[in-house]
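Chain naming follows the written order as A, B, C and D, and within any one chain the residues start at number 1.
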Amino acid sequence: MASNALYLVCDMINDLVHADGPSKKTYAPELARRKTIENTATALAKARSAGAKIGYVRVGFSSDYRECPPNSRLFQGAKKAGMFKLGTWGTEVHPLLKPEPQDFDIVKHRVSPFYATSLDVILKTNGIQRLYVSGVSSSGAVLSAAKDAHDRGYDVFVLDDCCCALTEEQHQAVIEQVKRMTTVTTAAQVTFNEEFQL
Amino acid sequence: MASNALYLVCDMINDLVHADGPSKKTYAPELARRKTIENTATALAKARSAGAKIGYVRVGFSSDYRECPPNSRLFQGAKKAGMFKLGTWGTEVHPLLKPEPQDFDIVKHRVSPFYATSLDVILKTNGIQRLYVSGVSSSGAVLSAAKDAHDRGYDVFVLDDCCCALTEEQHQAVIEQVKRMTTVTTAAQVTFNEEFQL
Amino acid sequence: MASNALYLVCDMINDLVHADGPSKKTYAPELARRKTIENTATALAKARSAGAKIGYVRVGFSSDYRECPPNSRLFQGAKKAGMFKLGTWGTEVHPLLKPEPQDFDIVKHRVSPFYATSLDVILKTNGIQRLYVSGVSSSGAVLSAAKDAHDRGYDVFVLDDCCCALTEEQHQAVIEQVKRMTTVTTAAQVTFNEEFQL
Amino acid sequence: MASNALYLVCDMINDLVHADGPSKKTYAPELARRKTIENTATALAKARSAGAKIGYVRVGFSSDYRECPPNSRLFQGAKKAGMFKLGTWGTEVHPLLKPEPQDFDIVKHRVSPFYATSLDVILKTNGIQRLYVSGVSSSGAVLSAAKDAHDRGYDVFVLDDCCCALTEEQHQAVIEQVKRMTTVTTAAQVTFNEEFQL
């Protein structure tokens, strides 16, 4: 029987998480300290063994930033920094977390992986009920994914040690927020076969 | 000229914020300490003077909870407690913040005021570009409203002292999160005529 | 076991289908000739016996038409005619098709019952997979409901003789359109237990 | 000043409109008779001169059809026929209507170009108010685009002679349907600068 689980890996792209990219000034220290990339690789391997589907969310814009919101502080900052260009190294998934051909590739132009993307139709078409979420930043894409998935009726699991924020305090604040509506687990504990507990 | 601003007051309903309701066990102490209701009344008066439109978001379910998600810890808890029944005192807006006939009434069945509601069509139909948001809880409806409004291209302002969470720490975590994409202001400072700054 | 079917009755409101209302100039002759109201009453009774859920879609606006799109020929026409005012007789469901307390009431401000309404969240929360659709007009709300429901992955059935357009030709054009993606049936044939055939 | 118009060319992909593809059994005779491709080329040239933006909608699936709805007669038919594979000739835009680098590419997995795609966020980000629509089929993607765009508040123009259905009757039925909410024009008449008339 096909699994009804999908593991959604959010924004683990070179511009945000590769040690050779601009993340040096942002997430790199926390990523290293939390071992986010290594833990995500572990979780991905377990998800594949368990027969869960995999989806990679990637934030990105055309090279002229035509999809970039003119009044967004967040994304105008990315534009100024020349980040998130589709078709370049910066928006590829980190090489240690390499997608396979059968995985879903979900390109987004905003924070939430659900907004104006194919994510919801992919989940429905594939009978997904349990959604596992992790990535960067905890308070950006991961938090939006968790909140929006809860509202859409999915059973949501957040992989704590596969996430990262600018500081551990910021990350912990998100974990506290999502605990009210999701199950928080880790790369070591997760089986991708767990039942969601109310 | 009609204002392009709307003030969205989220979930300031008796079940969540009235001293005589079940909020005694949840938000009441923080609401009193932060003067959330009084500050919201001040902001509402200023919004009305400035010609901004007003929208009240109210979470609610039919008396048999037929819209209540079976797998949501958050909302099954509300169901067990008998909260959020539409057509009862519990889902009416707090008497000090009384809606007027021309205000918008947006009933929602989930956390985000944008999900499966009339909010986006109301904003578009009325030419709204600047969205002011406050209410309870900071980390629930307010955070979802702010994040979702940002993704939809609105200029978002959060009224800090018109919000409330279970603790001040939880509230401050939200303020830190929304600062990256919204302008944080207060009932005393806000004019409802401010320009959004990148 | 709860049925996974819902019967969606679209815009069978007095302003559009009651012989004493403005429909005299629009749908009344076709409604009488096709026996749309009687057939819908038959289908509703069968749906209730079969344990299917019922949803009534009603188009409507506040009395100042604040949700009415300024650039819509269709809805500005309704505004000029003083139609579709919520809270008045005109937006009540026709008395022969009277809703019961457990039915869903879905108010919409546009043509499609899915756009900016609670419909999709209601369907998901209640485990609905099979959606039965009828109402007026065939080419307006019914066609949008059928197309949008198909795109969202529901198994769609259209009740031919419970619909109505301005002319039989217009109605038949819609039936031809929806045949490619839905099953067309009638009040006499439908059981609300049928399996969807590819 | 940037134009607030976008021309949306729907599903003019080789699998549906190229004389050497499977359209031989479907749209080819009508496409030839109506000169749909030639007219679309004319309209595209005028749109580019007028400074309107261009968006190409393309229906498509991964080669294993993982996004294809299992219960859709329409799309399971396409799967059986091996059509609509992304990354192949069949889902490329017809060579006479070749996209330019600055154009938008909107991939969809269902009938409506608005459902689960980036279309709405593209329109909002670029300040689009006037949406010009054409393509195949008239009763499929074009009709859904026109209806959904109307509901979302856009001023919609349909380019009659740049569309095509299986028969002229089917096409005319769509034109009659969309006339109530859009302005119908032609490749010869359109300027991409017209004001929408109520």
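The criterion applied here is as follows: a residue touches a chain if its C-beta (ideal position, glycine included) is under 8 Å from a C-beta of that chain, and two chains touch if they have at least 3 such contacts.
This one's a predicted model, so the numbers in the text were calculated from it and none came from an experiment.
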item	value
Shortest walk length in steps over touching chains, chain A through to chain D	1
Taking each chain's C-alpha mean as its centre, the one farthest from chain A	C
Euclidean distance of C-alpha centroids - chain B vs chain D, Å	39
Distance from chain C to chain B - Cα centre to Cα centre, in angstrom	32
Chain C and chain D: spacing of chain centres that average the CA atoms, whole Å	27
Multi-chain contact residues (two or more partners), chain A	69, 110, 115-116, 121, 125, 152-153
Residue ranges of chain B touching chain D (in the complex, touch as defined)	121, 124-125, 152-153
Complex contact set, residues of chain C against chain D	69, 71-74, 76, 110-112, 115-116, 139, 143-144, 147-148, 150-153, 155, 170, 173, 176-177, 180-181, 196, 198
Chain C partner contacts - residues on chain B that touch it in the complex	64, 66-70, 102, 104, 107, 109-110, 115-122, 125-126
